[in-house]
Amino acid sequence: MHITSPAFKDNARAALADPGLQRALANARTGFVAKRARAVAALPEFEALREEGRDLKNHVLAHLDFYLEAYARAVEAAGGRVHWCETAEDARRTVVEICRAAGARTATKGKSMIAEEIGLNDHLSASGIEPIETDLGEYIIQLRKEPPSHIIAPAIHLNREDWIEAFRTAHAHLPPDRPFAERKALIDEARSVLRARFLAADVGITGANLLIAETGSSVIVTNEGNGDLTQTLPKVHIVLASIEKVVPTLEDACTILRLLARSATGQEVSTYTTFSTGPRREGDLDGPAEYHVILLDNGRSAMLGTGFQDMLRCIRCAACMNHCPVYGAVGGHAYGWVYPGPMGAVLTPTLIGVDKAGHLPNASTFCGRCESVCPMKIPLPKMMRHWREREFERHLSPAATRWGLGLWAWVAQRPWAYRLAARAGALTLGWLGRKRGRVSSLPLARGWTEGREMPAPEGETFHARYRRLAKRGLA
Amino acid sequence: MAGSEADAKERILGRIRRGLRRGPLPPSVAGGLIERLRSHPRNLVPARSRLPRAEQVALWRANIEREHATVADAERPEDIPGLVAEYLAAQNLPPALRLAPDPFLESLPWDSRPLLKLGFGRAEPGDAVSVTPCFAAVAETGTLVFPSGPSHPTTLNIMPETQIVVLRRSRIVGSFEDSWDLLRAERAAPWDGPAGLRFMPRSVMLVTGPSRTADIEQTIELGAHGPRRVHVILLKDDPG
Amino acid sequence: MLPTPKTAPRVALFVTCLVDLYRPTVGFAALRLLRAAGCTVEVPPAQTCCGQPAYNSGDRADAAAIARALIPALEPYDYVVAPSGSCAGMIREHFAALFDDDPEWKQRAERLGARTFELVSFLVDVMGVERVAAAYDGTVTYHDSCSGLRELGIKAQPRALLATVAGLRLAEMEDAELCCGFGGTFCVKYPEISLRMVSDKVERIAATGADTLLAGDLGCLLNIAGRLTRLGREVKVRHVAEVLAGMAGEVPPIGQAKGG
C-alpha cells in the first residue's frame, strides 16, 4: 500500500476540511462509543475479563515459540500445511505459489489486515490472479481503489451517495437508472453480484482473529458470512495470520472472543464465529481440499523484549480509534498506511520505520482514552511516548524544539533562573494583554493564536506575590 | 516442509527466543505448557452463563430473538414437518428444502407433507431454504453451534437465504465452554499427538442470527451474504 | 477514602509553572482551601516545573534532571498538593519511571509520588472535606481534564464540593470527559487538529447554557478560554479552586480584562 504517513499534517488538514468525511466520522464516532458502552454495562465481568485477556496474552508471548510449534503440529495433524514466512515478500510469494499450483484465476478474500500490510492484492493482480474482496466495506474500497480507513469498518469514511456512485459505475451490467431508495437495495445488489464470484473462486483467502494451539484451528469473526463463503466454497483455503495471533486453548479463545465483539461493535458476539481446522475430512460433502496457513513474522519477533512488546497483545478490535478524538477529527486515511488511530501510532513505526511514520505517535494529547477502553489493557500513550524518546535520541525532532526544551530544562533546574524567566514572561505578556485581558497574535506562537486568543496573565508571578505578602505577614 | 521453509521456521523461532532472552524452553517448563493444553482449564465464565435450567433456556431464546432469529416450539418430533411447512407458507417461500443428511432429520415423517420437495446433501446454488440439525446452543449469547461432518455440510449454514434449524432443547447449554466440552466428549477420536484430543471437525460455526452488515452509514441491514432468515424449531425433548 | 490524618499535616504546595506564571490567584485559593481543611501549608521556594514538557517530548534526560532537582525540595513534607491533575499526575505516576536504571532515585520518586495529590481530590479523599463556605451565583459546567480523570480518578470530587457552593447550579455537558485539545505541545504542533477539538468542546459548553466553565487544570482552561474569547462567546472561565475558595471576585475570568 502506498505510504503517505510523512504527509500526516497535510492529510489531516485536508480531512478536517472535507465535509463528507466529517459527516461520516461524526456518525461513526457516536455510534461505536455508545454501543460499546452499552455492551460493557451489560456484562458485569468485563473489567475482570480485560485483566484475564492481558495476562493470557502476556503468557503466550512469554512462550510464543512453544505455542507456535504446538499450533503448527496440530495444523499438520489435521491435514493442513503451515508456511513460516519471515517477511511480507515471503508471504506474498508463497500465496502466489499456492494459487499457481492450484491453477487459480480468481481468489475471494475475507477481510484481512495482514493482506493489506503485505500489499497482497496488487501482487496477486500482477501475477495474473484476480483478488475479489467480499467484505462489503472492503469491496467498495476495492471498487474506489482506495485503502481502508479503519481496521474493522474499512469504508467508515463513506456516505450512502459514495456507495451508490461506486455501484452504478462498477456494476455496469445492471440498468444504469435503477433506484437505490434504501440501503437494503445496495446490500441486495452486492449480495447478488458477489455470490457469483464466491461460487466461481478457485482460492479463498482469509485472515485469522485467533489461532488455537490446542487444536490447530484458525478463527474468523464476521457479521456478513462472507468469510465463511470465502473459506468453504473454493478448493483451496489460505489463512493469513501474524505470529502473535496464537492462543493456547479453546477456553482461551472464549476469553478473547468475549472481549472482541463488545469492544469492536458493541455486539455480544459477531454473527459468525468460525473455527476452521484443516481441509475437508473423509465423508464431508463440502469444504476445501487444501488448507494452508501463512504464519507471518514481518517484524513481530523484533518487538519482543523491547518497550513495544505490549503492542503484540492487540486483538485488532478498533476500540482505541473509535474513542480517539484525533482519529475522530481526521479519520483513518490521514495516518497514511494500514493501521490508523492509537494502535496505528504505535505499530506503524515498528513496521515501516519511525522516520516515515514519525508524526503518528506525536499527534496525540496523551488523553489516555484509548488505553482506558483497550480490552487487552495495552499502555498505548506510554508506547507513543517511547517513540518520541527514540525520535529525540535520533534527533528527528525539529532543532528549535530541542533547543527550547533544553533551555527550559536548564532554567527549571535553577530556581533563581526560573523565577527571573517567569517574572519576565508574566510581566511581558501581562503588559501586552493589559487592556483586553488577552493577546490576539504572538509571533512565536502562531499555532495557538491562529484560532485562539492568548489570555493575559495576572502580571505578577505567584512566587513574587507570595514573597511580598509573606514579608508583611499576610501570606 | 521445503528446506528453505524449515530454515525460515528456525529463524523465526530463533528471533523469538532472542527477544525473550532465552534458548528453547527446558523440558520441565514445556511439560507444564503441554499439560495446560491437555487440561484446557477454564478462565472466568460470566455468571449469566451459569443460570438455573429454565432461566438458561429463556435467556437463550431472548438473546437469539434479539439478534433477529425466530423460534417456534415443537412438542414432538412428528410435529416438525408441519411446522416447517407452516413457516414456508408464512414467509411466502417455495416448498423446496435442502436438508442435511442427518439421521434424525431423515427419520421425520416428511410424507405427512407430501407437497414439500426434499433434497438431502450439501447446498447447491439455487437452494432457497436449508434444514439443519444443531449440535448445541449457547444461552450466554443466543448462539447456535454447527460442527461440520457427513451429516451436516457447512454450506447449508451459509448459502441459502433461509436456514431452518432443528434444535433439541436438551442441547441448550449455558456457556461457550460448555459447548466445547460437549464436542470433546462426543466427538473424540484417538490421537497420539503431544497435546490435547482430536475432536475438532473441519469447521465449527457459531452462528447468532441471520447475516448482517453495518458497513453503510453504521446502520444494520440483514442478509449481507449469509442467510437473511434463521428460524429455529425448538423440540421440547427434555422435562424443561 | 484514605484515613483522615489526626494532626495537622504539613503540606507542600506545588503551584505549577502555569499557575505561577499566569494565575497566582489559583495558588492563593489553594492555600486558603488547604488551610481551611486544617493543613499547615508551605511553599517550598526551590520548586520550578514538574518536567512534563520534556517528558512528553521524549527528552527523558532533561525530565529526569528536573525531577532530581524537584524531589528534594518536596520530600520533607507529609503531602505535596498541586492545583493541576497533569502536574500531580506527572509526579505521582511518572517520576518513578524516569529512574528505571537508578534504584535509589526510583525509590525516592515512588515515595514522593505516593504522597502527591491534585488539590480537589486531596481535600475530599485525604482530608475528608465535604463542603466549602463559598458562594457563587451562576450556572457552571465542568470539564474533566484528561490526566486528572484517567490517571488520578478525579471525577466526583470537584462535583461534590461544587454542589455545596451556595447559589451555584451545575449543568453537565455532553462529552465532559473528551479531551479539549491542549495536550501541551500538541496544540502548537498540530494546531488544526487541536483547534477542531477545542471547537467541539466549546460547542458542548454552549449547549449547556452555562455562564461559567470550570476545570482543574490551567492548560485546559487557557486553551478553552482562548477559543471562547476568539469566538466572542460570553462564558466565564475559571479554575475550580477560585470558586471553591470564594475568590472569584478577586480576579477577572481567564482571558477577560478587569471590569470586562
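For reference, chains read A, B and C in written order, and residue numbers begin at 1 within each chain.
As a convention for this text, contacts are C-beta pairs under 8 Å (C-beta built on N, C-alpha and C of every residue); 3 or more make two chains touch, one makes a residue touch a chain.
These numbers were taken from a predicted model, which means no experiment stands behind them.
Look past subunit C and you find the other chains held together by touch in one piece.
The greatest centre-to-centre distance from subunit B, using averaged C-alpha positions, is reached by C.
Centroids built from CA atoms put subunit B at 29 Å from subunit A. Remark: subunit B and subunit C have CA centroids separated by 54 Å (rounded to whole angstrom).
Work out the mean CA point of subunit A and of subunit C, and you get 33 Å between them. Residues of subunit A in contact with at least two other chains: none. Within subunit C, no positions touching two or more other chains are listed. The multi-chain contact residues of subunit B, meaning those touching 2 or more other chains, do not exist; every residue touches at most one other chain.
The touching residues of subunit A, counted against subunit C in their complex, run 9, 12-13, 16, 325-326, 329-330, 362-369, 371-372, 385, 387-393, 397, 401-402, 405-406, 408-409, 411-415, 418, 422, 425-426, 433-438, 440, 445-448, 450-458, 460-463, 465-466, 475.
If you check the complex, the residues on subunit A that touch subunit B are 24, 27-28, 31-32, 43-45, 48-49, 52, 56, 62-70, 72-74, 77-78, 82-86, 90, 134-137, 140, 153-156, 158-160, 163, 183-184, 186-188, 190-191, 194-195, 198-199, 213-217, 223-226, 228-229, 232-233, 243, 248-252, 254-255, 257-258, 265, 268-281, 283-287, 295, 297, 301-306, 309.
Of all the residues in subunit B, the ones that touch subunit A in their complex are 1, 5, 8-9, 11-13, 15-21, 24-25, 29-30, 33-34, 36-37, 40-48, 63, 67, 101, 121-123, 125, 140-141, 143, 148-150, 153-155, 157-159, 175-177, 180, 191, 193-196, 198-219, 221, 223-227.
Here subunit C touches subunit A in the complex through residues 15, 17, 19-25, 27-28, 31, 43, 45-49, 51, 53-60, 62-63, 65-66, 69, 146-147, 150-151, 177-179, 181-200, 222-223, 225-227, 229-230, 251-252, 254-258, 260, going by the rule given at the top.
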